[in-house]
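For reference, the structures are reproduced in the following blocks.
Each of the next two complexes has chain A plus one other chain: chain B in the first, chain C in the second.
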Partner chain A sequence: MSGLQISFLEASARKRLIGLVDANSFTEFCPPEMRKTSPHLALLDIPLALDDGVIVGAATLAGHSILIAAQEGRFYGGAVGEVHGAKICGLLGKALTDRPSAVLLLVDSGGVRLHEANAGLIAISELVRSVLDVQAAGIPVFALVGGSCGAFGGMGIVTRLCDEVVMSEQGRLGLSGPEVIETVKGVEEFDSRDRALVWRVTGGKLRRAVGEATQLVDDLIPAFRSIAIKLTEKYQSQPLASIDLDSLLEKQAELVKRRARFERARDGLEIWQEVFSEPSCVPDMTVADFNRQLGVQA
Partner chain B sequence: MNDQTIYDRLFGKGGHELIFNGLFLQGTARVGGQNVAVIGTRDHAAIDGSIALQITEAILNVVREDVASRTSPRSIILIADTQGQALSRHEELLGLNGYFAHIVKCVDLARRNGHKLLTIINGEAVSGGFLSYGMMADCICALPDAQVRVMDLRAMSRVTKISLERLETLAKESPVFAPGAENFWRMGGIHEIWKEQDDWPQRISNALAHITKADARAEIGLERGGRHFAAPISKLVAEA
Partner chain C sequence: MEKFTLALPSSSPPLEVIRSTICGVVSSGNLEILVESNPKSDVCTLVVNTSAHGFREIWEAVLHDFALRHPAGGLGFTINDAGATPAVVSLRLDQAFEICCGEAK
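Let's turn to the complex of A and B:
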């Protein structure tokens, strides 16, 4: 039953996926029974997951056929290894033949799985190429980010390639995680234990305000489901525009402008000050209020 | 070898006009009598948003110029020398991953517009910095001294809580996690490693002549025996 008010953040990958799609519509590819586990983790004698931390398959969403992947952040931080990456790449390959209405990636990952780092990095670069191929075929790809690991490292790049990036306030998106920056550059550069700061730099509201996320929703599985339906239907009626020279020149100008506008900013508060009339209220705003005010002021 | 010596060896003395702007470089070189565009980074650059935008501006200019002049799209040689992404709260706040995704899209636009893409790793190629442009080429080649990695074993040992000795022992048999261009070659992540005594201009010509647009790295990794699972599992799902 997908109508239950279940937190997307707290749910497992499987629960999120099942709650998102139409009831009884999901078919899993390469399911746990096939036991395609990581041979590299096995070599290190560390625990395995029968799905290697990612679920992939086909389903319907309000009757539209979709392909969907969900990463399990509780298994080694949703990190991408050889098998894990190949499952998502295969799903994107299948999209080219099946031509679903959309591909949904429920990203919950710190990036490359260090135990198989080289395989993970190459896998993510293959994922990047695959996402671009699917988009070039006119099929939209959406990233949904609201898990405990967020979307970091190479998966932060994959997320930003997607045609839509849906986040909850609790979702986080970036390249290097706060812990990595603190370890290398020191606590004065980024205090990873200052949770409020971490959210002001990487969280859903900040990402939506700077334009890195396209949608901000409540941390509820039904909220993710209804936006996913809305977006799928949007691209049904208004087909995906291909990435061309003009659109990338426009993006270039936007990114140049962003750097100039926030030249010295190191805290989301400095962004709120530019975007909202009452910047101090932003952290406590409901998602509905936030979206309304952003819409008015954008 | 300093920069000048490297570029003289790659393109021949007088065979290149490159402009260095901090850690970024761009210009034109001749390969087999044809002009190619050269774009890249140097001195183990930590890639931040500014360098990312220099790379993308250069790529978009090459694409735009060739469209405007209706000439056949030039090959683009990407020089990768990067210690990875810049580690900075400011860069994260502005969405460095979004800037990297923009590089990826620009490189891919060049590919789809008919530009052949060749990466030459000179110096270091590390994780996110390598991923965003070097790994996006059709053919990825490493110079003899190239250092390629995600993370060094010492740091990996700290994060994974597996002893350094154990990692070092395992690294002798498996290419899957330890640094090294050879390991990436075995896994299909690097197409060619050039030797010191090779004729580098000849290798560039050959590589460009044999470029294919489809991403065959998983199959190459399988053939070379370094990556046994990526190709079959991807196929299993794609054909499910």
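Let's turn to the complex of A and C:
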């Protein structure tokens, strides 16, 4: 097997990032040697990570300059604390002066780091504002979701703000995570231990089918890389549409229509029935077949 | 957290330090290791931060063993541990050394 065929899901954040960008092009901001660790976790006397669970920096992608962040899902579920959030916000702020071709967010996060309470919540709201600022400056922001934590909570919101959302089937996207829904509403509402159900409802295929993800790719780092290149080049020639009241109202109308269409659906299967001719085949479908049947070109 | 620092004599400095490097992730049963070069010193220094209390003797055995097996003089290791087993610690140290110092043995 070729050394390049590395699963995005199984790789660490650092491996994903390095595998995605051009070889030897990455310059890290606030690298581990600077020891920008979380003061909140230190007070709680629990383990710190030297990068606070996120890697940020500049690189090139097929020669295009980009800024990029990668969250490490295995460090407290990729959760956003004060320093973690500040690193991504700083990166987005730098985009306003550096004007890269795109900003890539390799999201792998359950949302706010609850150990840091309000500091984490504020970090998320700052991230939301920063993404909107970068987009208002005409620079596209892409979310790439294929890690084991998916994109939930505040990072689910940040992901949906992005101009493009690239997912693998293994990636997940949502607001409240499965365990949260089960805890609050009971197991009858959502059984978080039913992994197949969790993926049918929050996984990449469903999110692509309902249009929340704009691209579905194989769980391979090179697959994420080639789509990221394609998207970066697409936005080079086609500038970002500006957001105005009319476009927002149009979007809202689409969402109302979608809600009405799928209102009774309790499971991803019921959505497959609406979208695909052979719904039972969807889980086993290859990404290429899935995209073909959905009538999209990757 | 239990914290301690060791300065271990090592056979010799590595032939060439390519770059400082980080290896591993801080997650349950795992650890991260940052390796930095300290050309002014010929000892190998190791700063350990671990969530598991009371295992210093075992840590020292694993770290001594590492310093014996590799020319790690002049290198500084910062370790953030979330309860890795001795075998995992040993493996990560080897990985970190290999990434940092290439094939230099």
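Simple rule for what comes next: the second predicted complex is superposed on the first by the 292 of 298 C-alpha atoms of A that agree within 3 Å, B and C clash if a C-alpha of one lies under 4 Å from a C-alpha of the other, contacts with A are read in each partner's own complex, and residues count from 1 in each chain.
Methods note: contacts are C-beta pairs under 8 Å (C-beta built on N, C-alpha and C of every residue); 3 or more make two chains touch, one makes a residue touch a chain.
What you see is a predicted model; the values in this text were computed from it and never measured.
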{"item": "Superposition on chain A - do chain B and chain C clash or fit", "value": "fit"}
{"item": "Which superposed partner A:262 touches (first chain B, second chain C, both, neither)", "value": "first"}
{"item": "Which of chain B and chain C A:48 touches, first, second, both or neither", "value": "second"}
{"item": "First, second, both or neither for A:181, with chain B first and chain C second", "value": "first"}
{"item": "Dominant contact partner of chain A by residue count, chain C or chain B", "value": "B"}
{"item": "From chain A, separation angle of chain B and chain C (C-alpha centres, steps of 10 degrees)", "value": "110"}
{"item": "Contacts of A:75 with chain B and chain C, given as first, second, both or neither", "value": "second"}
{"item": "Partner chain in contact with A:101 - chain B first, chain C second, else both or neither", "value": "neither"}
{"item": "First, second, both or neither for A:154, with chain B first and chain C second", "value": "first"}
{"item": "Three-chain overlay, closest Cα atoms of chain B and chain C, distance in Å", "value": "13"}
{"item": "Chain B and chain C contact sites that coincide on chain A, given as residue numbers", "value": "none"}
{"item": "Residues of chain B that touch chain A when the two form their complex", "value": "49-50, 53, 56-57, 60, 63-64, 67, 85, 87-102, 104-106, 108-109, 112-113, 127-128, 130-132, 135-136, 149-151, 156, 159-160, 162, 170, 174-178, 183-184, 187-189, 215, 217-218, 221, 227-240"}
{"item": "In the complex with chain C, residue positions of chain A that touch it", "value": "12-14, 32-33, 45-51, 53, 72, 74-75"}
{"item": "Residues of chain C defined as touching chain A within the complex", "value": "1, 20, 22, 25-27, 30, 32, 34, 36, 49-51, 78, 80-82"}
{"item": "Chain A residues within the chain B interface of the complex", "value": "29-30, 36, 39-40, 43-44, 56, 82-83, 85-87, 89-91, 93-94, 97, 112, 114-126, 128-130, 132, 136, 151-154, 156-157, 159-161, 173-176, 178, 180-181, 184-185, 189-190, 201-202, 206-207, 210, 212, 243-245, 248-249, 251-252, 255-256, 258-259, 262, 264-268, 271"}
